[in-house]
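Just below sit the structures, each encoded as structure tokens.
In the two assemblies presented below, chain A is common to both, partnered first by chain B and then by chain C.
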Partner chain A sequence: MWRSGAWHWLVAVAVLFTLSLLLGDFYRHLGMTVLIMALFALSYNLLLGETGLVSFGHAAFFGVGGYTYALLATKVGTPALVNIVLAPIATALIALLVGYFCVRLHGILFSMLTLAFGQVIYTVTFQWYSFTGGDNGIVGLPAPPLLIPPGNYAVFVIFVVVTCGIALWRLAHSPFGQALRIMRENRERAEFIGIPVRRLRLIVFTIAGGFAGIAGLLFALLNRQVFPDDMYWAQTAQVLVMSLLGGIFTFLGPVVGAFIVTVLQYWIATYTIYWLLILGTILLLCVLFFPQGIVGSLQERLKHRLAPPPSPSPLKGEGTGGGGLVVG
Partner chain B sequence: MKALLSVRGLAKSFGGLRAVDGVDLDVRQGEITAIIGPNGAGKTTFFNLISGAFPCDHGRIVFDGEEITNLPAPRLFKRGICRAFQVVNLFPRLTLFENVQAALLSHQGKVFNCFLHVDRLARQETEQVLSEVGLAEKASLVSKNLSHGDQKRLDIAIALAAKPRLLLLDEPTAGLNPKESREIMGLVEGIAGRENLTVIFIEHDMDVVFSVAETIRVMHQGRLIAEGTPQVIKGHPEVRKVYLGEGE
Partner chain C sequence: MDFTSLFTWVPGPQFLFAQLLNGLTRSMLLFLVSSGLTLILGVMGVANFAHGSLYMLGAYGSFTMGTLLGGAPSSFLLAVAVVPLAIALVGGLIERLLLRRIYEAEGVMQILLTYAVVLMVADLVRLIWGPETRGVPKPTVLAGAVTLLGTIYPSYNLLILILGPFLAFGLWFLLYHTAFGKVVRATALDREMANALGINVPRIFTLVFMLGAWLAGLAGVLTAPIGAITPTMDLSIIVESFVVVVIGGLGSFWGALLGALIVGVIQAFGILIVPRMALISIFAIMALVLILRPWGLLGNPRALLAR
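This part shows the complex of A and B:
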């Protein structure tokens, strides 16, 4: 199963690529947005579901990824390929800096400090007209010529998102990933089995920030523009909703959540401006009837059908059931 | 004979309360010693100090010839000091297997490994630890669904997983019935004898204390007031006063 990572990668890329060929321009753009949001949600759930850290500043890293590319391209003028490589690295470094202060705190204090840092980054971007363009954003971003045709860019997005997704999957199923769940479950005891909690939290915060930066970069290149709104805390709330909707204790839950929320947003927004009302209703129903999220509930049901309670179920590294959000 | 653990002048206050007030202690390699004393005597605080839960105010702790005073818990774990808890302290939504495996992988220095698949690692060792404490058949259950007795076993199994040199057990039999108590302590004795493990345990059940401990330390109001073999402690006048003459 482990070595089959390469197979998963190939199958996912092939399926998504075929889909992208079948779709028209509008749905291809929607599909790209779904994939990018899925990566963003996966990066967020690395903190939320795996480590039990509720960050309210994650969107700032999504924004920093896009803005790093945009600023390098428009202010510095470095080649686009260099910018593409530098954007996630710069984002991870900023996440490292922010995380250095945040991981010292626990529970609601951690959440509040991430919110504060996120809003600081947002406000600076929003106000600094001479550098970031303020609320006008930066539009008309240059892109590498190869990525300009939408079909080509779709392939690039598929390639990057699937690769990052598999990397995150492997991370979640590695000893490091297990240590994250151990910290989520019981921070105190984790220390007594030799897990350096603060250091591990800082590392995972940096990794999650870096992947959010990749998602932000892809999003900026998709629309060839960046806006401060990408960094606003409401953007974090949206990715939180995606994770909860899909199921935070499952690996693929955030992907399903990202799909549902993004598609709903596209569709319903064309009929009514009250699409948030409908999303809110869906979330409410989901929390009431599927507290473990869609994927979590399905997994639970499947497990019960496959293995009746008395016989031990096969070992699984994820989806061990249980509801409720753990705030570490 | 050189002591494995030696403690000098250890002290810790909380506000005005001197929870641990100048404790000197030497425990030799392979010794099984009980710490007893009335509630509030400072036993658990003493454990917290030597297991790295929080730093002490004064004093020194030396383990195997090296100073370990105020090292944090993860560092002490690496040196072979492992601890189980009075109130069951597990990783509730994970399976028994994962509970034990995580401690083993940490001991093997694999916490930062991002590339291997965790399901394949340390399988045999984990299963061996679980079967040692009699939980092998329940390996795939989620630990929060266990009975209290099994949770106590798992708590100890987590502490035993990393092959500790010094095992600290805080009331290993709390909340268990006499049969379960005997089983758990028999288990600890067996492993300690086989591996020449040093064990310090806090206990209120005197039957357990006098049947398992080779030596007993008595704490009262943050101080050690007596130490010796069970016979010596039984006849110790001050111990009798603390235990029998309440309010004295």
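This part shows the complex of A and C:
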């Protein structure tokens, strides 16, 4: 098991690295953004697809990851490497705190409470000028010397995103991931068979928050700046659309969605500022006509073509794709 | 300049009284929005995230009404009469064209659908009315102020304060003392049974959604002369209304009233303690309610389990 995981990891890193060598500055920056958003979307889908929890405040953790780094670097002055390690940990702790309240609630209540908490974190960041710089953000972040050349940073991003992606993949395919899906399908039955629903939800909320923090950290280091907009609800909308468009009941769906949405945003930004309208329209169309998402529909079609009776667990089907597809 | 006076300033009773009235005015507007939200939630089981968007559309509709009529004295009255009805129609369209298609789908999809509407309306409003802050003048008759127990208070805010209880009473009467209300409550209690007894459930859903939209639109029109009309007002109201609904109890009509009173007043005083972060004070209250009574002050514990 470990050996196959390591093999996928190596292939993915090597392919992405080769691709990044071929790209110019603009496309490398775009590629890095896609990878970071893919990790962010994967962390989000751990809640949405795996556990069936719709969080509207996930971007707050993305922002907290970046801001923790930025604040430690500019206000405390701890070494950059220490900050890189501390940022995801701090984010996970905040996710634990927020999750403590949120996971008590189900369905719509959970969603609304995450929205509310996300708005509080955003508001505090936005208004606390003396500490967070308010809407001016924090710019000109220091980075470890080793990570300053864009090529080096690209390698770092590839390394971190692929490692996190594989960790998330293994998590989704572990007994823990299985328990999450049971909770998603039927919460009461999960409780009856002895799954500690609230505790598992808190754990998955914390993990998802931590990985979102890593994505936020990578994003902050990529642009060397953080802004309150990173944690605005529109950012959550974006990651939600990525997951749904790609397919929330597949592991790689969010990665595909992240690629499409990010490239679309880069391309469309030159034509219009009404990005939310486009996101909303995609979301609406997905919900009404395409709830399976791209990867989900493809899998369905493949399954029909291959004819043999469907495997009892939908996980087996995508296992054949393997981690090598992380390339996305 | 005497700086020490800044630090020794203690709000006098008149100021506190005015602040209380401000809080209650806000409570009334909050109640209009959250009563619709809780009604839709209770009857249809749909958390309408777009409720704040309908409120925002109401405020912008009132602005457009004002510019169309060139600030004629009667324009505000006309806005109160016409705009909420238009918003109700928008709500009816949302229910008919979008929500109806996915009542059978998972709850997740319903949440995402209304969220998509929020995103689209947020940008449509910027597209139509622009990003700048808009305002509506107060109706001339109510532009002045009255003296109330020695405190000078704007008459317009006082009107809302008086209007609120009347609307609450009207809504209560509609829900608990008319045939329509009985049918609505029956549908909320057991959708399938209501259907079996010959109640046209889809029609009730449309009407309830339109009623909620009408209330949100009315709140938007009423708030237009005293608040800034901005493209971000949808989110602040939906977050606050949600807090109201959680504190009061999901789907509980009286809970919405109690929650609105609590949130409005606490915010008015919280702003004195932590300026610009009044949201945090109401969140503290909500967290407390969630820990001690997750089903809300006047809610039903069983309703929470059912969702």
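One rule holds for everything that comes next: the second predicted complex is superposed on the first by the 286 of 328 C-alpha atoms of A that agree within 3 Å, B and C clash if a C-alpha of one lies under 4 Å from a C-alpha of the other, contacts with A are read in each partner's own complex, and residues count from 1 in each chain.
The rule is simple: contacts are C-beta pairs under 8 Å (C-beta built on N, C-alpha and C of every residue); 3 or more make two chains touch, one makes a residue touch a chain.
All figures in this text were calculated on a predicted structure; none of them were measured in a lab.
Peer 1: If you stack the two complexes on chain A, which partner ends up touching A:173: first (chain B), second (chain C), both, or neither?
Peer 2: first
Peer 1: Tell me the contact category for A:107 with respect to chain B and chain C: first, second, both or neither.
Peer 2: In the superposed model, A:107 contacts chain C only, not chain B.
Peer 1: On the A-aligned overlay, A:76 touches which partner chain: chain B = first, chain C = second, or both, or neither?
Peer 2: Neither partner.
Peer 1: Based on the superposed arrangement, let me know which partner A:185 touches: chain B (first), chain C (second), both, or neither?
Peer 2: first
Peer 1: Just checking: does A:89 make contact with chain B only, chain C only, both, or neither of them? Give me first, second, both or neither.
Peer 2: A:89: touches no partner chain.
Peer 1: Counting only touches as set out at the top, which of chain B and chain C does A:196 meet: first, second, both, neither?
Peer 2: A:196 sits against chain B, while chain C stays out of touch.
Peer 1: Who does A:284 touch here: chain B (first), chain C (second), both, or neither?
Peer 2: Only chain C is touched by A:284; chain B is not.
Peer 1: Residue by residue on chain A, keep only those touching chain B in one complex and chain C in the other, then list them.
Peer 2: Chain A residues touching both partners: none found.
Peer 1: Which residues of chain A touch chain C in their complex?
Peer 2: Residue positions touching the partner: 48, 52, 54, 56, 101, 104-109, 111-113, 115-117, 119-120, 123-124, 127, 233-234, 237, 240, 244, 274-277, 279-281, 283-284, 287-288, 291.
Peer 1: Within their complex, state which residues of chain C touch chain A.
Peer 2: That would be residues 41, 46-47, 98, 101-102, 105-109, 111-113, 115-124, 126-127, 235, 238-239, 242-243, 246, 250, 276-277, 279-280, 283, 286-287, 290-291, 294, 304, 307 of chain C.
Peer 1: Which residues of chain B touch chain A once you look at their complex with the stated criterion?
Peer 2: 51-53, 72-74, 77-78, 82-83, 85, 89-95, 97-98, 101-103, 105-107, 110-121, 137-142, 144, 158-159, 161-162
Peer 1: Residue numbers of chain A touching chain B in their complex, please.
Peer 2: So the residues of chain A touching chain B come out as 1-2, 170-171, 173-179, 181-182, 185-186, 188-197, 200, 203, 249, 312-315, 317, 320-322.
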